[in-house]
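Okay, got some structures for you below.
After this come two complexes, each holding subunit A, first together with subunit B and then together with subunit C.
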Partner chain A sequence: MSASAVFILDLKGKVLICRNYMGNTDMNQIDHFMPLLMKKEEDGEITPIITHGNTHFLWIKHSNLYLVATTRKNANAALVYSFLYKITQVFKEYFKELEEESIRDNFVTVYELMDEVMDFGFPQTTDSKILQEYITQQGHKLEVGAPRPPATVTNAVSWRSEGIKYRKNEVFMDVIESVNLL
Partner chain B sequence: MTDSKYFTTTKKGEIFELKAELNSDKKEKKKEAVKKVIASMTVGKDVSALFPDVVNCMQTDNLELKKLVYLYLMNYAKSQPDMAIMAVNTFVKDCEDPNPLIRALAVRTMGCIRVDKITEYLCEPLRKCLKDEDPYVRKTAAVCVAKLHDINAQLVEDQGFLDTLKDLISDSNPMVVANAVAALSEIAESHPNSNLLDLNPQSINKLLTALNECTEWGQIFILDCLANYTPRDDRESQSICERVTPRLSHANSAVVLSAVKVLMKFMEMLPKDLDYYGTLLKKLAPPLVTLLSAEPELQYVALRNINLIVQKRPEILKHEMKVFFVKYNDPIYVKLEKLDIMIRLASQANIAQVLAELKEYATEVDVDFVRKAVRAIGRCAIKVEQSAERCVSTLLDLIQTKVNYVVQEAIVVIKDIFRKYPNKYESVIATLCENLDSLDEPEARAAMIWIVGEYAERIDNADELLESFLEGFHDESTQVQLQLLTAIVKLFLKKPTETQELVQQVLSLATQDSDNPDLRDRGYIYWRLLSTDPVAAKEVVLAEKPLISEETDLIEPTLLEELICHIGTLASVYHKPPSAFVEGSRGVQHKRIPIRSGSGESSESQDTGGAPGATEAPAAIIPSQGDLLGDLLNLDLTPPTSTAGAPPGPPMPMGGMDLLGGGLDSLMGDESEPYSPQMPRGADTPQSLRFSHSSPSSPDYSPTELAPGPALQLGGDIGGSPSMGSGFGAPAAVMPSSLNAPVGGGLGDLFDLGGGVGMPMGTFVPPKTLWLPAMKGKGLEIMGTFARRAGVIQMEMTLTNKAMSVMTDFAIQFNRNSFGLAPAGPLQVPTPLSPNQTIDVSLPLNNGGPVMKMEPLNNLQVAVKNNIDVFYFSCQYPISMLFVEDGKMDRQVFLATWKDIPNENEAQFQINDCHLNSDAASNKLQGSNVFTIAKRTVEGQDMLYQSMKLTNGICVLTELRVQTGSPTYTVSLKCRAAEVSQCVFQCYEAALKN
Partner chain C sequence: MPYLGGEETVKELRRALSNPHVQGDPLRHRSTVLRVIRVMSQGVDVAGLFSEMVKACATTDVVQKKLVYVFLCSYASLNPELSLLVINTLRKDCQDPNPMVRSLALRNMTNLRLPSLVEYVQQPLTAGLRDRAACVRRVAVLGWAKLHSLQPHADIDAAVVNELYSMLRDNDPVVMVNCLRALEEILKEEGGVAVNKAIAHHLLNRLKECDVWGQCEVLGVLQRYRPHSEEELFDILSLLDPYLLSPSVPVMAATLGLFLSLCCRGLPAVSLAALRRAQAPLLAACGSASPEMKFTALCHVQLLLRSLPGLMGEHYKRFFCGYAEPAYIKQRKMQVLVELVNDDNVGFVLDELKGYCTDVSPDTAQAAISAIGRIGRSYSDQCLEILTGLLGLKQEHITSVVVQTMRDLVWVCPQCSESVCEALEGCEDTLQDSQGRQALLWLLGVHGDRVSSAPYVLEAFVEQVRSEMAAGVKTELLTATMRVFLCRPAETQDTLGRLLHYCIEEEADMNVRDQALLYYRLLHCGIEETRSVLQGRRSDPSLGVLIGRPAEPVSQWARSFNTLEPLRQCNAGAESAPQAAPYHLALDPEPSLDLCDPLNPSQDRQETAAAESVNLLLPGPSAGPLAPGPTAGPPAPGSGGGQLGLSLSPALSPQQFEHLWLGGPQCPHGEPGAREEEEEEECVCVQERMGVSPALQCSPPPQLQAALQRSHIQTMAFTPPHTLPWRVYLYTHTRWGGPAPRGPTLVLGELLYTGGAEDQEGEGEGGERGLRVTAKQRPRDDEAMKGFLQVLSGALHTSSTGSC
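This part shows the complex of A and B:
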């Protein structure tokens, strides 16, 4: 349906960390990604989708990282890009910065998060607020207060922890205006 | 302290050290060791040797450690299947853990271990987890079914997991519903015929309820699944649309695109006159615009999809031109896509704005983008005629900049503008010629040479210009060489005196010194043409060229429909059907937009203003009985002096007709299968003979007057092919050229009778039906049918006198009818018609009569008079009688027209039990002047694109889909006058089944 695997690459195209979601994908295909990207860049025909044989690479770039999702099916491309942007958001909220260094420094958490945010190519919970309730950086003893999935994970409103009360009900809105001038 | 330290150890005895640490008694040390193992795994070292030691750590109460071990298992279980069994026990135990997080983790991980032996043990825990009390576990288990299915589909079916999964669609938790839907869709995709997602209004309702409550991703799963559903009727369609519409304002672009997909598809089912339809169209624009403020990659996906949407429904975004203006910091791929959409949206209303923008773009730095911008200006000129002049002057301004690639690109597009508007803008040629020297790209050089050749007579120094190119002839690319050759030949034909030397030079360069066969062949052809017949050469080389059409890059209607069903996916980005790039998707059914059921009838209610010809008269006002009688009674018995419309058939010598009438007439008789080779049947012969003998004896008519009817009828009866009649008697010149039937003569056709494949066959003539029973006709019985023979519509009747007295003085008149059918001559009945006598008569018709819309459209009210009384009856003619011989459309025209005709006018029909292959069908239809313009074969499905033209100029476009091996054809019909659809469909059915 969507991604078969997600890779995080450094600028040279070396895999920093990856997760094979479908289990049946050839993880070596990623080696073709960087050469193809370079070639496209040279020809001035860069596109967010790169094809190699039957494998399609959908990629985004974030600071000094490439986040690449691969698929061999007619995946929902909009979903894949949304998902890639969403997980950068999650990583950023976990590690403040998302870059080569922070991936290395937190590879255990990255694995845990990758396991949680997508299952068999289907994005699951991607809200960092909720994820932080049960995926934490410190190890936990199971007997004493091991985290359980918060009810919020499967709630109708998945982005708001339960039991939050405010004395004053108010809403703040950011109005962002962008101007395109030459 | 960070995890990065785990990556640092690179000593030689590492594996052994790790082994020792993994088996340490200290928990902390164990955990550190596993982390080191995972770190090594991450950087690509093979740590599979540690498998048993790592699995030993699995039984832990530390969640983080457990997750790491699971991760290790997922990676290495496949390489150590036997040892992976060791882990099963822990998995099974974890699936019963009191903590739902652990249960879910266990079931999720187990599904990722693609080892058969493990899979067997997975079934029981999975079954429990699917019924778990915690929704988090259920949603994870739902996905696990899809995983398991991917490994062992049979097992999943045998264990009944699919049914459990279907039950989860009714789960109380929206996330569980969403994952169940996703899993089912995934399974259904790999098993297209499994009918897994048996969606019905009840389950759809559940999905729509869950849609409002689940995560953004869940919403996408549900929307993508909804898009595969075909609503029962337009009310259901509308209610789904109403409940999906709120998703358009979601912050996640993917949710928006999936919602757009559902709406674009279901909108097709809504009646166009519904208020809601208009509202929905308006609601689609803002979310599409908002997509353009997403991240660039998402913008790109959105733009590729908008490109499709704009082609399918231009009205949605026609006022949104401005949002597609390019921003300076857009990535190049976004810029190029925006340009494409700008051109598609360009219209007279916004062209000024667009041109100003494009001109701006042409001064940017990115060469590719600048080129495309210049090209876009040219495309605007071709698309919006009113703007052509402005575009040309903009291009001239750009040429003045002298920026090399801008100039070259401008010249290439100006060539296209000349091809669209010949003889209009030659004043710019002088400016173009000034830049001749700076052209270094083959395409630009070729374009310039073409212009010089085309307008050689107006360029004084055309010979010098072309000669300058000739010097380096062999260094030019083939494109330029070919163009130069043609241009010089053109020049020679226009100014023969001064350029003889030049043309000889280029011909010898092309034919003697070139290795390129294309060039040599073209050179030889010109040489021979010029030396044999210069006049003919002129006609060939300087022939008037067809104009280029504006939209050459439109996506084919069928493909477009399929892509609309795939909005948001890779297919919509590539603009290719999934079968073109997904392995193993062959045989998967192509998605189609459901067509509103009964759209044939509903279009009847549409305004007829847009329909030219057919319905000029005020819609279907049936005249009062008095009028009708008055019309019919006013019989004009003198032959009409001028017959407007179709000319009567070729006059024929009586002798020929006689001969034919004698025997062959009955060959086909009234059979509905006019092609089966039958021997003359004795029983019918006397009847025909009688007629043949009686006609010359009738003193009232001169042979020529008499000829068209019966003679043609006979010709047609023999072969069923219009050309047959002429084959016998008439000069070949009257043969309609579009029918490439053999000229050889009647018998020639006999050889062709059996298969008929490869040869156009004659018009299908329906069997005669009883029009006027003797009871009503005071003894006169009329059986009749219609046929089109050699371009003339014939009304063929068998008159039988069942009264006791002789009948004389026959005459016929028609009431006003939809296509203005009228007798082209008087009714030629060899009177007297004695009691019990039967004769066949044929009446040529034309379209010069008064027009009035009838109900049904093809109804014809007839009055026949004889010495006894006037009789009225009505009959229906197959509309194929009105298909003219030159109804074959040009491919480009077809494509443009298809797009041009609004979708509301499309009707779809099914023809069942038809066992022809597409070629035979095409041949049969061609006999009825239904012309196949193009054929496309996709996945064993042949698609024939056909056109036909009615006598009043109405064009009907159809797409006939024939699935090999399936007896059901689908006909999609598009016509500006949608009323004719039903009639045309009937003709298809009649022609194909006979």
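This part shows the complex of A and C:
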């Protein structure tokens, strides 16, 4: 259920961004990932999970990037992959296209996002609408001062922005009916 | 940025950061800090900028703060004293009116992971637990967990633990979940959070407020809870029911895991019912968009099928492979298909599998053919038809696998042997690899009386036996020829004689030679004795091999559901998992050749498979003295002693070779059979002399390199042709397959032929005649060295006789 560290690698295996969440893995372990992957590719036995010693690499590939999560515990596999796909989705919503260039150009935002989505190896806020409210791409205007977190981050329901209030609680539905007469 | 520019960049950045103008202008300051981070992400070492960055930390700009913290967290462990300077700023920020800044400060204080800072951090953390903003509370809760993981032996104050327990009732669901996680971590030795009835009910009631990650966490923790009464159990189950059908795969898997752990003790029927209900979402997961989820779902389906074998029989179509799917998914799907076969769908399934047999990728084709073979144990006629049709394609890799599959099939279902024998005619031409040939030889040996052309095929093999490299094929050839001789003596006598003569006189591999000697002596004892030994007691074919597998109770695998275990089991053949998966099950019992023929010593087929599956841990090319670690993986069932395999990976570059060669022990000159060892017996240098034929005298023959390559020895360099003395430099890695405890070694070799006037005689003793072989091995392994020398001389022989 917990990822020790998350890495974003380019196609050759060079680390673009890394975040060490739990601090119990040596960051150099990632150097073993690429050779192992290449070897498996040669043998024709690629699997989404690669083990080296007692570190497990769970990886997905998106366009020309590899996103790798490392874990030592017997983690919940479906959850980790779900998480990796979710952050891919978040990145795509921020940068329109997720590939090596977009990471290189926006690494500030990427660092901020990676800080926010996972803490100590557990996923926190991953809803991109909420994240967009306080991590913006243009940078913050200095005069206004630091942004305050929207109350959504502190709210009971994670997806609904605070302060939405409607005067009348009503719903409109349009029913369109078409009839063919023979 | 070029690597060489690293130094300059760092100096320039330091100047920029210390420049008071830059510090005064917030925008410029921020962009400088940004450049530092950019440079850091590109791999340049910017640890020297630590003190400047610490000063940059005191700013009102949140983005800049974040960047500085990223830097600090990466390099804090290198500069613990300087990090103390940051603490003041952080503590001040913990009291900032903006909750965002507070949470950022708290989070990074705990991320610094410095033991010396612990005392400063505790007070803000305690205050953070009671903060009015939820985001700060979230961070504070996890901060305690981080603190504990930093210093596992220091006791966390009991008051804090109590506070965390009470925060389970916090309004914010993320705080609640974080508390769970923190308590799990802190109370790890005591087995994690103590879930009593009140807590369990509270968690269940708030389950719907949590997001996906939170739900998974809660469901995971609840596995530890034991309901007090059956009524309570059923209440819990009905509450969790909607989550079983949740669209989110992790939640569904977690719920199913919880169901299984709750029910498997007392109520097996309920757990089976739960499995049936979970069928639909699992099938949906098998069709999900991402291949990794599919893979996870497929591995879990395989787990399920262990308990409910026919579970998804009518949904078999879902497991048909798409064209573009990655190979690992196709293979899993085929494994699942084999389990789902029943009388209704066998026709369709076989049709589909037949389509995959001609797939572009040889691995998929092989998997498909083996799958057909497994189905053939129950439905032999249809499968045999398909297999025979495949033989007609005359494709090398297909034929090889088909012959192996037929061999397995015949062993299990003797009634198929008729059709198999008919099919075997004429396929020996298309077989090139040793596995296929071994299978063919076995079949010819056992059913030689029914295959009309058996002696002639064997004769063709015997002609080529000199160029045959694999010892397994030779032993198989011996056994097969003997068997055929017993039933058709007239035709085989001559062939057998030649074969035995070659094996006894010229063969270098001791196993083969000994077996040939044994047969020779047996024949001397008389034909009746030979017959009684060779065709001795076989196991009764009517007993058969257990085709099916009894359904396992769910409790055997319930605990490993929804963890990494099922995925690792699927990979068990391809990984060197240090802890073997507890419920490792071979999906198809492989027939052991031992039962049939007590004289066939090595189950080479399984051994070479084991040797292939040992995963070599690759040291990075820049690692110092190559020290390969022991990596014998879980042995294939029934393999005998280790079999030596050679391999070319990891590849050595010429510089590495030179460095290692010159750095290793030097051989004393001029003595054949000399050895020198380094102190700790880590490396050894051996010299040998090998007799060499006239063809080798002018220059290393061109076939030498090819012959060496075939035996997995890589030539690094050799002198230009037609020069004397000529040298060849080569290297290889030796590996042991099977359960031998010795690890792989690296062998570097040099062949030196100095020439000389009087070397017309083949065998010279001493002197400068013949080829001098120098080999250096690290670490030392005498058996592997012997094996290597054997292979080398075999290769030299082959290339010097110039045969194919």
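Assorted remarks:
Heads up, the rule we're going with is that the second predicted complex is superposed on the first by the 153 of 182 C-alpha atoms of A that agree within 3 Å, B and C clash if a C-alpha of one lies under 4 Å from a C-alpha of the other, contacts with A are read in each partner's own complex, and residues count from 1 in each chain.
Basically, a residue touches a chain if its C-beta (ideal position, glycine included) is under 8 Å from a C-beta of that chain, and two chains touch if they have at least 3 such contacts.
Treat the numbers as computed from the prediction; the structure is a model and nothing was measured.
Once the two complexes are overlaid on the shared chain, A:Asn180 sits against subunit B while remaining clear of subunit C. When the two structures are aligned on the shared chain, A:Asp31 is found in touch with subunit C, with no touch to subunit B. Contacts of A:Ser128 after superposition: neither subunit B nor subunit C is touched.
Once the two complexes are laid over each other on the shared chain, residue contacts for A:His52 go to subunit C alone; subunit B is not touched. When the two complexes are overlaid on their common chain A, residue A:Tyr85 makes contact with subunit B and with subunit C alike.
Using the contact criterion defined above for the overlaid structures, shared-chain residue A:Gly23 touches subunit B and also reaches subunit C.
When the two complexes are overlaid on their common chain A, residue A:Arg72 makes contact with subunit B while staying clear of subunit C.
When the two complexes are overlaid on their common chain A, residue A:Lys39 makes contact with subunit C while staying clear of subunit B.
Contacts of A:Ile60 after superposition on the shared chain: both subunit B and subunit C are touched. Taken together, the two structures place residues 1, 15-17, 20, 22-24, 44, 46-49, 51, 54, 56, 58, 60, 71, 74-79, 81-83, 85, 107-108, 111-112, 115, 119-120, 122-127, 134, 139-140, 142, 146-149, 153-154, 156, 158 of subunit A in contact with subunit B in one case and with subunit C in the other. Per the touch definition, subunit A reaches subunit B in the complex via residues 1, 15-17, 20, 22-24, 44, 46-49, 51, 54, 56, 58, 60, 71-79, 81-85, 101, 104-109, 111-112, 115, 119-127, 134, 139-143, 146-149, 153-154, 156, 158, 178, 180, 182.
Contact residues on subunit A toward subunit C in their complex (touch as defined above): 1-2, 14-17, 20, 22-24, 31-32, 35-36, 39-40, 43-54, 56, 58, 60, 71, 74-79, 81-83, 85, 107-108, 111-112, 115, 119-120, 122-127, 134, 139-140, 142, 145-149, 153-158.
Those residues of subunit C that touch subunit A in the complex are listed here as 26-27, 34, 37-38, 41, 43, 60-63, 66-67, 70, 73, 98-101, 103, 107, 113, 133-135, 138-139, 142, 145-146, 149-150, 171-174, 177-178, 181, 209, 211-213, 216-217, 220, 248-250, 253-254, 285, 290-293, 295-297, 326-328, 361, 363, 562-565, 567-568, 570-571, 574-578, 617-618, 620, 649-650. Those residues of subunit B whose C-beta lies close enough to touch subunit A in the complex are 2-4, 6-7, 31, 35, 38-39, 42, 44, 61-65, 67-68, 71, 74, 99-102, 104, 108, 111-112, 114, 134-136, 139-140, 143, 146-147, 150-151, 173-176, 179, 182-183, 185-186, 189, 212-217, 220-221, 224, 252-254, 257-258, 293, 295-298, 300-302, 327-329, 331-333, 360, 366-368, 566, 568-574, 578, 581-583, 585.
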